[in-house]
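Listed after this line are the structures, all set down as structure tokens.
Each of the next two complexes has chain A plus one more chain, namely chain B in the first and chain C in the second.
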Partner chain A sequence: MVVRQYNEELKYLEKINPYCWRIKKGFQPNMNVEGVFYVNGTLEKLMLDELRNACRPGMTGGFLPGVKQIANVAALPGIVGRSVGLPDVHSGYGFAIGNMAAFDMADPKSIVSPGGVGFDINCGVRLLRTNLSEKDVQPVKEQLAQSLFDHIPVGVGSKGIIPMNARDLEEALEMGMDWSLREGYVWAEDKEHCEEYGRMLNADPSKVSLRAKKRGLPQLGTLGAGNHYAEIQVVDEIYDKYAAGKMGIERLGQVCIMIHSGSRGFGHQVATDALVQMEKAMKRDQIETNDRQLACARINSTEGQDYLKAMAAAANFAWVNRSSMTFLTRQAFAKQFKMAPDDLDMHVIYDVSHNVAKAEEHVVDGKLKTLLVHRKGSTRAFPPHHPLIPVDYQLTGQPVLIGGTMGTCSYGRALSRAKSRRNIDYKEVLTKMENMGISIRVASPKLVMEESPESYKNVTDVVNTCHAAGISKKSVKLRPIAVIKG
Partner chain B sequence: MDEEMGGLSEDDFEIPPVKYEYLDHTADVQLHAWGDSLKETFEQCGMAMFGYMTELDYVQIKEVHTIEATADDMMGLLYHFLDELLFLFSVEPFLICKKLEITEFNTEEFRIVCKCFGEEFQIGRHPQGTEVKAITYSAMQVIDEPKDNNQLTGNKQSEKTHIYWANGILISKSMISYLVFL
Partner chain C sequence: MSKMFQIKLQSLGHPNPESFNCEDEKEYKSVVLWLEDQKIRHYKIEEREGLRNFDSDGWKESYNAYQRDLVSPAAELSPNEQLNWLLSYAVRLEYADNVDKYKNAKVEQPKQAPNVISTNPLDNLDFSCTTFKAGVERVSTIAGISPHPDPKIRLAALCKILKTAPHPDPPSSESVAIQQPSDVLKLLFIEDLRDLQTKINESLVAVQTVTADPRTDTKLGQVGR
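Coming up: the complex of A and B.
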């Protein structure tokens, strides 16, 4: 990392408009392109404070601020356009979380980096709708929250309840949601409303280590811990009636369910295995990066291809995982309301990943190019008429799901875990949630503090910045009434 | 060895003192462990990881499993040691460890053999703590220089005072700090 005074660092940053900053070349060494990040006033302060802290004397041993990480990514071989930090951007492993970067697949020097996808491959959000109203759910809210908690395995050491053996896992890795459909866990139309139709075709289970498969098998169909959750939410505000209608959201108070989960230990092992391989490949191919955490390999190398195939298998694992929990959620609702999930209209509104790398066609400087797009903690937001979005959303554009945490609409860590645990009282958090009318079931009390609303950036800031910067348009606001967490 | 105690001897039930703590880090947690030797510090670091996943007071020693870890260097050895322990928890036998005892600690060939004492993790019996998803090298430090650190810290005896904060790294007698990626 280049060490300069904070004031010197600021010379490399330029505010282009109220919501967008440019990171000029030279901020970090060897930048091939410029960086850019989107923030509003509040988020801007957090971002710059992080940089200022890192500039304090004697802070060289700590972690890199997000803005430095965006610039380091801009120095990777084959990057095109800009290294982009989205409104929720914060420091992560190698790449910042909320970082998007695309690499020209026609350039033999272009790379793929596991750090650009994240350890939790295809961590994502799925939103289900129902035809229930808040008044239907309120009287049985506690029972429903408990039932969801009982149905969905959550937290450290929990095991999946959907029967699986090693052969089933192989098939699930290859087929993604097609496996869930074949086994009867999802509906055919669920696939239609899922990114990639819930199956990455380049998945190759033979490129996945036995270690990853062993870790994955007991965890399939589990929510996980940390910031993962299942929430019962109600429609709080409709900003765009037309777009909401296309999603089957008709009225205020309508009940939805949001599931935020990923590929569990399986994805982590795939990422870890790839990092080991790529460190070797970097030496062989003499790839230099600004940060050791940015381990990468050329897209066309054996290591690069093997990672992409294993990553696709992990992505499929995550879709099967969310599908299994969709099944369990439908079961819990069906039992509670003594109605079939079908009659409760429990359709998938959309399922979108925020940790993945995919080959996509985009226009760069007026030319159509095939790019390997890394998205980490950032979701795609395809416009109306894009060929890769389902027919139902052709006129509105792809729905973008931005999740909050612990009920309040909030996202992106502002306080560290340990600091949260010291400063925030467990009971206080629960009382506060209760006063807000939110039922909560959590496997670990510690987590209540770590993941409490105070620990996070306000998701409203994130959503409003996306809206103002023209990245996405606000259509519906959901307010949680019950939260299930690890 | 007493068969009735599952192949465990009486000594195996002795619980070592706690020589670790959890430090502040954005998004993740940083573990700091120390000991009189590097071997002890490694054991403590592993127990610190399990202590973050549950409350170890609730864990009983019912079975013992042996793991092996090898690497090319010291940091790699710590990484693989912890990774093997995490694996032992994540798959059969789903072992949550209360006590670790390194029986072979080879710092020339970078090889560890460790006996892991504990029981199968069971929801309901064991409180669910924070999930450790992967081990990373971020901010990992393995320090084995007792003399230098004594100078730095003025060789004070009390446990709190021999810890010293510098450059974002905690330095104590012989210590390890590492990051787990949550």
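Coming up: the complex of A and C.
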């Protein structure tokens, strides 16, 4: 990292409008393109404070500040357009979480980087609706939370209740949600309302290590730990009646269920395995990066291709995982209300991934190009009439699901996990939730403080910035009334 | 190309189609003038002066203007392609002027196709009604498609342009004329797509009745730390 005074650093940053900043070339060495990030007043302060702290003498170790990470990604070979930081951007491994970067697949030097996807491959959010109202759920929410907790195992080392053998896993890795569909765990309409129809076609389970499969097998149908959760939410505000209607959200107080989970230990192992391979590939192909954590390989190299195929298998794992939890959620509700999930209208509104790399066609400088788009902690937001979004959303554009954490609806870290542990008392967090009328079931209360609302950037700021910058439009706000998490 | 020119010139009754050499600048110019004088007659006689001055430097300019006025799609292409279009255009005009004379000169009659009644509303449109013709005329002019007596051909050309060329922004006076039909087409497309997706879902559900066997075993469950 270039060491400069904070004031010197600021010369490379330019505020181009109230919600958008430009990172000029030279902020980090060898930048091929410029960077850009979207913030409002509050988030801007957080971003710049982080940079200022990093500029203080003697600050070493830990992750680089988010702006620096965005700029380092702009220096990777084959990047096109700009390296984009979304409003909730915060430091991560190599790439900042909330960073989007696209690489030209026609350029032989272009790279793929596991850091640009993250360890929790195809971590994503799925939203289910019901025809229940808050008043139907309030009296039984403790029982419902317990029932969800019983159906969906949570926490580090949890094991799922859907029986799977090694052969089932191989098939699930290849088929993604089609496997869940074939086995009868989900509805045909669920697939329709899922990014990529719940299946990456380039998945190749033979490129996945035995170790990853061993870790993954018992974990299907489990929520995991960290920031993952399943929440019962109620519609708190409708901003866009038409768009909400298209999603089947008709009235205030309507009950929805949000599931935020990913590929568990399986994806983590796939990423870890790939990083080892890529270090070798970098040496062989003499790929230089600004940060060791930006390990990568050329897209067309064996290592690059193997990673993409294994990553696709992990993405399929995550869709099967969320599908299994959808099934279990429907069962829990059906038992509680003694009605079929069909009659409760428990449809998937949308399932969107925020940790994935995909080949997509985009127009860059007036030319149609096939790009490998890395999205890490950033959700796709395709506009109306885009061919890759479901027919039901052709007029409104793809729903963008921005999940919060525990009660206050927050998203995107403001404090590191360790810092959270030191500064926040878990009992306080749990009491606070209780006072807000939120039922909570956790596997490990002590880890709760890592994910407490104070640890995250305020989701309202994030959503408002997206709205103001024209990235996505606000349509519905959901408020949690019951949470289960690891 | 020259064989093609020969056939077209011959059918138009040019005095010496055999000897026409399209590479010779003078002959080229004289054929252009002959076409306008005898066949196309787009300009009034006095307006043809620019095309008549073969030796003037302004000839090229007049020729370009002439092509623009005819809305020739070949105006940006090579001189031979430009001439080819002019010839074809003249042939079309000649035919349109004497339909009765030429219509009996039929090539082999295609076999009578079985009479299928289509359910697609687009197939049942009345292509000969004036509203259809006027509509095609209006949209084609905006899209810069050259005139043709058969509106269906122009519609086909329009379709090709919309599929391949980047869509030009219509002038603001015409934007409503473009916006409304394109909105209608988008909505029709979405309706078709919804039908297709519903059929796909029905097939999936049909298969599920054979394959589905969802199971759970709570004994396997284990909550983590």
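Following the convention adopted for this analysis, the second predicted complex is superposed on the first by the 482 of 486 C-alpha atoms of A that agree within 3 Å, B and C clash if a C-alpha of one lies under 4 Å from a C-alpha of the other, contacts with A are read in each partner's own complex, and residues count from 1 in each chain.
What we mean here is this: a contact is a pair of C-beta atoms (placed from the backbone, for glycine too) under 8 Å apart; a residue touches a chain by one contact, two chains touch by 3 or more.
Nothing here was measured: the structure is a model prediction, and the numbers come from that model.
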Once the structures are superposed on A, label A:G116 by its partner contacts, choosing first (chain B), second (chain C), both or neither. neither
Of the partners chain B and chain C, which touch A:G184 in the superposed model: first, second, both, neither? second
Which superposed partner A:S444 touches (first chain B, second chain C, both, neither): both
Could you say whether A:G486 touches chain B, chain C, both of them, or neither, answering first, second, both or neither? both
In the superposed arrangement, which partner chain does A:G157 touch: chain B (first), chain C (second), both, or neither? both
State whether A:T272 touches chain B only (first), chain C only (second), both chains, or neither. first
Please indicate which partner A:G226 is in contact with in the superposed arrangement: first for chain B, second for chain C, both, or neither. first
First (chain B), second (chain C), both or neither: which does A:G35 touch? neither
Thinking of the overlay built on chain A, is A:K214 touched by chain B (first), by chain C (second), by both, or by neither? first
Chain B/chain C common contact set on chain A: 155-158, 218, 225, 443-444, 486
Considering only the defined contacts, which chain C positions touch chain A in the complex? 186, 190, 193-194, 197, 200-202, 204-205, 207-208, 211-218, 220-225
Going by the contact rule at the top, pick out the chain A residues touching chain C in the complex. 149-150, 153-163, 181-185, 188-189, 191-192, 218, 222, 225, 327-328, 331, 385, 390-392, 394-395, 443-444, 486
Touching chain B in the complex, chain A uses residues 58-63, 90-93, 97, 119-120, 155-158, 211, 214-215, 217-219, 224-226, 265, 268-269, 271-272, 292-293, 413, 416-419, 443-447, 450, 486
If we count contacts the way the header does, which residues on chain B are in touch with chain A in the complex? 22-29, 53-54, 83, 87, 89-91, 94, 96, 121-123, 126-131, 133-139, 166-169, 181-182
